[in-house]
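Going by the order they are written in, the chains are A, B, C and D; count residues from 1 in each one.
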Amino acid sequence: MTKIGFIGLGIMGGPMAANLVKAGFDVAGYNRSQAKVERFVEAGGTGAATVAEAVRDRDVIITCLPDSPDVEAMALGDDGVFAHAREGALFIDMSTIQPATARKLAEAGQSAGFGVLDAPISGGERGAIEATLSIMVGGEASDVETARPVFEAMGKTIVHVGPAGAGQTVKAANQLICAVNIQAVAEAIVFLEANSVDPTTAINALSGGLAGSAVLERRAPSMVERNFQPGFRAELHDKDLRILTAAARDAGVTIPLGTAAAQLMAALVAQGDGKLDNTALLKLVEQLSGR
Amino acid sequence: MTKIGFIGLGIMGGPMAANLVKAGFDVAGYNRSQAKVERFVEAGGTGAATVAEAVRDRDVIITCLPDSPDVEAMALGDDGVFAHAREGALFIDMSTIQPATARKLAEAGQSAGFGVLDAPISGGERGAIEATLSIMVGGEASDVETARPVFEAMGKTIVHVGPAGAGQTVKAANQLICAVNIQAVAEAIVFLEANSVDPTTAINALSGGLAGSAVLERRAPSMVERNFQPGFRAELHDKDLRILTAAARDAGVTIPLGTAAAQLMAALVAQGDGKLDNTALLKLVEQLSGR
Amino acid sequence: MTKIGFIGLGIMGGPMAANLVKAGFDVAGYNRSQAKVERFVEAGGTGAATVAEAVRDRDVIITCLPDSPDVEAMALGDDGVFAHAREGALFIDMSTIQPATARKLAEAGQSAGFGVLDAPISGGERGAIEATLSIMVGGEASDVETARPVFEAMGKTIVHVGPAGAGQTVKAANQLICAVNIQAVAEAIVFLEANSVDPTTAINALSGGLAGSAVLERRAPSMVERNFQPGFRAELHDKDLRILTAAARDAGVTIPLGTAAAQLMAALVAQGDGKLDNTALLKLVEQLSGR
Amino acid sequence: MTKIGFIGLGIMGGPMAANLVKAGFDVAGYNRSQAKVERFVEAGGTGAATVAEAVRDRDVIITCLPDSPDVEAMALGDDGVFAHAREGALFIDMSTIQPATARKLAEAGQSAGFGVLDAPISGGERGAIEATLSIMVGGEASDVETARPVFEAMGKTIVHVGPAGAGQTVKAANQLICAVNIQAVAEAIVFLEANSVDPTTAINALSGGLAGSAVLERRAPSMVERNFQPGFRAELHDKDLRILTAAARDAGVTIPLGTAAAQLMAALVAQGDGKLDNTALLKLVEQLSGR
């Protein structure tokens, strides 16, 4: 049976690791705050007091951490994953980080004799709990095949999108499209209401045509109701859009709408609405329209 | 049997009027250029040499013209529709025009004893030919019911979205969302390619999630192939986005992404690509990225 | 002595017409609201009860009205300027309107035997009172020479910038540059303050270099103090930016920053701050930054 | 006599160090590429083969390097400035870097017993050669006084703008205003020309009013001539705008025009025009306008 070390038992990582336990894997979980380790033990996992303990002799090591520097330090640090993992282990980072960092870690890991995958996720807290996440995987095909049973215990859609870094690149593209679409729907709703058109009727009329989208179908109804319970918090989307804009700049790609949407998401967070759902961009459109 | 006068037998109006004939209506067609009238006669319609001839004694009068001033002149002009139509006739404008103009025409028409609907369409030339258009209707419910059999001969989805002007408002919202979504997908494709990720694989991975949309599913594949055969020409979308931005300004609504997308579509047209599909926005992203 | 008819005795037109009287011209003044005519009579002018009365037998007819449709109706209307003016009279529109409308009026006026100039102004209410306006003039050189003594009674800088419509074009360019510069300074001030740098010291340091501008020198100090007493009201600048964006579109010119500044000014007005100085754009930057 | 160590003898640093020699200072110069050191020796300076040699026993150590990581490594590295400088030495970084990095270096330096100033410059290659640079200084007042004679040998305008990091913050604000103003003038010129108005006449008319600026007076004439010889290269401005946008994000400040100008400058560089003057933004406006 595959032995897994899981580092980062937060809002996403916690339920993901629990789902691995449920699927029968032997999982050692580590988190800086031990309270989260205890909760994981209650869910049937094995607690690890140190990174070394979580990593040693494991076949697969998974990280699910906040940002690029966290993952980089955890992988490369003196007391980190690569320092303690057994030769030939497979390192899978499921955080959302810079594609460039993912590529750097893949190179460093391979030099040190590890398999490395970047495998960011989408689908939110609910997807993590219900094991219905979408997982975008970058790396070697053989490593993806090794990891597949592990991924299948956490997600529903697993797609190998390319070599090292490709997972993070696709995740960044996903966050670009989602942010822009949400903002477009927000602008449309405020425009409709300002013209005294019932937005729900209009959304129904629009959904079948080329304007149709997952955002329009799944999110617009709660936007119309001004229900901004997350879902996916604006502050997390903001962080991901920083990754996007930096990656686009590094690649020399001009993304005028992506950049504009990133500014708006940052403004939403700056105004203190970072804990709301990312669809709260609607509030900003209303504010800018004096409504 | 309902007698219809149809004014404007162009790329859209021509096949729409022909579909009415096919459905058994008695249709008199008028167009400024008589060549189009002749083609309509070949399709089984009755040719009208003047507006008066097309309008007199008709139950329903439909206009399908390029822009707001055309429709306004045709409705209100000394030799226009309201001057010649019989009392109680139903006037349906299926052009895409300013919501404010639609409201003005409804008021003028009702004062003069006519029913008035604004009923812009989406679905493109193909939808017009195959009678699969989406029709967004604004006006009185009773007039919509009167018109329904007429609409059903031309389209598949007929939605009554609100009072006078609502059809045009929803159409403008549709064009906003479509333009922004296309641009988002264009930015994503160029970003993916610049990072050496195969866009087709990525699009498949993204389609099932919150980034999924009709644009991603139906248009992205041809964008990846750089196939910009219209579809819906950039210059027409540009015209519609002028209507949108003016209507948003009139309503005091700030639409940062809608406005930015409108600038980009205008730039595409200014560069001489107005006859290409609106998805040619991808060319602009490539140009701005030096690719 | 030149006999002048002056139509539009508002905030700008009132003091301008009074300055013409002071300079010794025979001026007949007309305004829709007669209260303004009475004030003009108190200032020494001759009151006119109708447009015809203000226009008949005058050498020069000046209009100073809110917007393009007002000027168009006043010039071309059945009871308008061209209907009543004597042959060979010189028509000078000093309103800020669409360049295209100015060109149309020049053509119509010349066909009817009139000289026509477009001569929009900048310098605000204070410039109007103190006769220190800048006047940007489009039209025939000979007409400009005829008008020069008249202009010199109202302004300090009179520049003939080109043929019919050129005055309005330059005015639109002026409003573009001013709006964008104000917004840039607003962003800089908020950025400096957020980084705990004293903006006044910084502005002094920046003024001597390439960042230096009239906005930085004359407006930034009151912006730092959050003193938004007009000056030039945001709602008027907003109107002028509508003219700009429409004219740019008509000319096929893409102005990304001009358009973005126009959106922001419109948002300021939509929020109810239209009566404040246009430098109140700073409030919007603060709001978007949660400050 | 003050003994100076100067690290970074590039396009800017080279002539700056030479001017210090001319002013009578004892200057040891270091550069990674020794060819530049040799040129400095020809100009009368003392060559240093290592950082240690340039730094040891010097009263003042100046760095003039490309970017934040370079300066950080040079200051804090195992073989860097702080490792070799004598206690009490004054470290002055004249590079353009992140305000946050400047603050971090000030803290580290002060802990280690050094004075630290951030003193970025503007005025271009010409200003460096002619000793007419503007220098924006952040740090302790007493350190600024110590450094003043040194600054006066290199620049004309020396302003102490605040505590550590303030120099870099003001520099970033400078680059924001300059980029936005250049783009505004570029949009205005293309708009004027598209309307057949002579831009030179218009620029003269606009210069005296609120649209007046150093960009309009000093740069617009060469823009009209399409002379894009640098000046200040687009690729350097692009680098500075990355610093700006990152610093604004860190401070939670929304800068819609600054961000849009940064995108345009990045696009200019991506298209291969990075070696041109930053006023080549005009080319981009023309391209987007199909001209």
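Following the convention adopted for this analysis, a contact is a pair of C-beta atoms (placed from the backbone, for glycine too) under 8 Å apart; a residue touches a chain by one contact, two chains touch by 3 or more.
On a predicted model such as this, the values are computed, not experimentally measured, just so you know.
S.K.: Moving step by step between touching chains, how few steps can get you from chain A to chain D?
M.R.: The least step count works out to 1.
S.K.: Farthest from chain D by Cα centre, which chain is it? Let me know.
M.R.: Farthest by centroid: B.
S.K.: Mind checking the centre-to-centre distance between chain A and chain B? Centres are C-alpha means, answer in whole Å.
M.R.: 39
S.K.: So how far apart, in whole Å, are chain B and chain C when each is placed at the average of its C-alpha atoms?
M.R.: Distance between chain centres: 38 Å.
S.K.: Between chain B and chain D, what is the separation of their C-alpha centroids in Å?
M.R.: It comes to 52 Å between the two C-alpha centres.
S.K.: Find every residue in chain D that makes contact with two or more other chains and list them.
M.R.: Each of 252-256, 260, 267, 269-270, 288-291 in chain D touches at least two other chains.
S.K.: Drawing the touching chains as a network, do you get a line, a ring, a star, a complete graph or other?
M.R.: Chain contacts: complete, every pair touches.
S.K.: In the complex of these two chains, what residues of chain C are touching chain A?
M.R.: That would be residues 256, 267, 269-272, 284, 287-291 of chain C.
S.K.: Note which residues of chain D are touching chain C in the complex, please.
M.R.: Where chain D meets chain C, its residues are 99, 122-123, 134, 136, 157, 159, 161-163, 165-166, 169-170, 172-174, 176-178, 180-181, 183-185, 187-188, 190-192, 194-198, 201-202, 204-206, 208-216, 218-219, 247-248, 251-258, 260-261, 264, 285, 288-291.
S.K.: Which chain D residues qualify as touching chain A in the complex?
M.R.: Contacts found on chain D: 242, 245, 249, 252-256, 259-260, 263, 266-267, 269-270.
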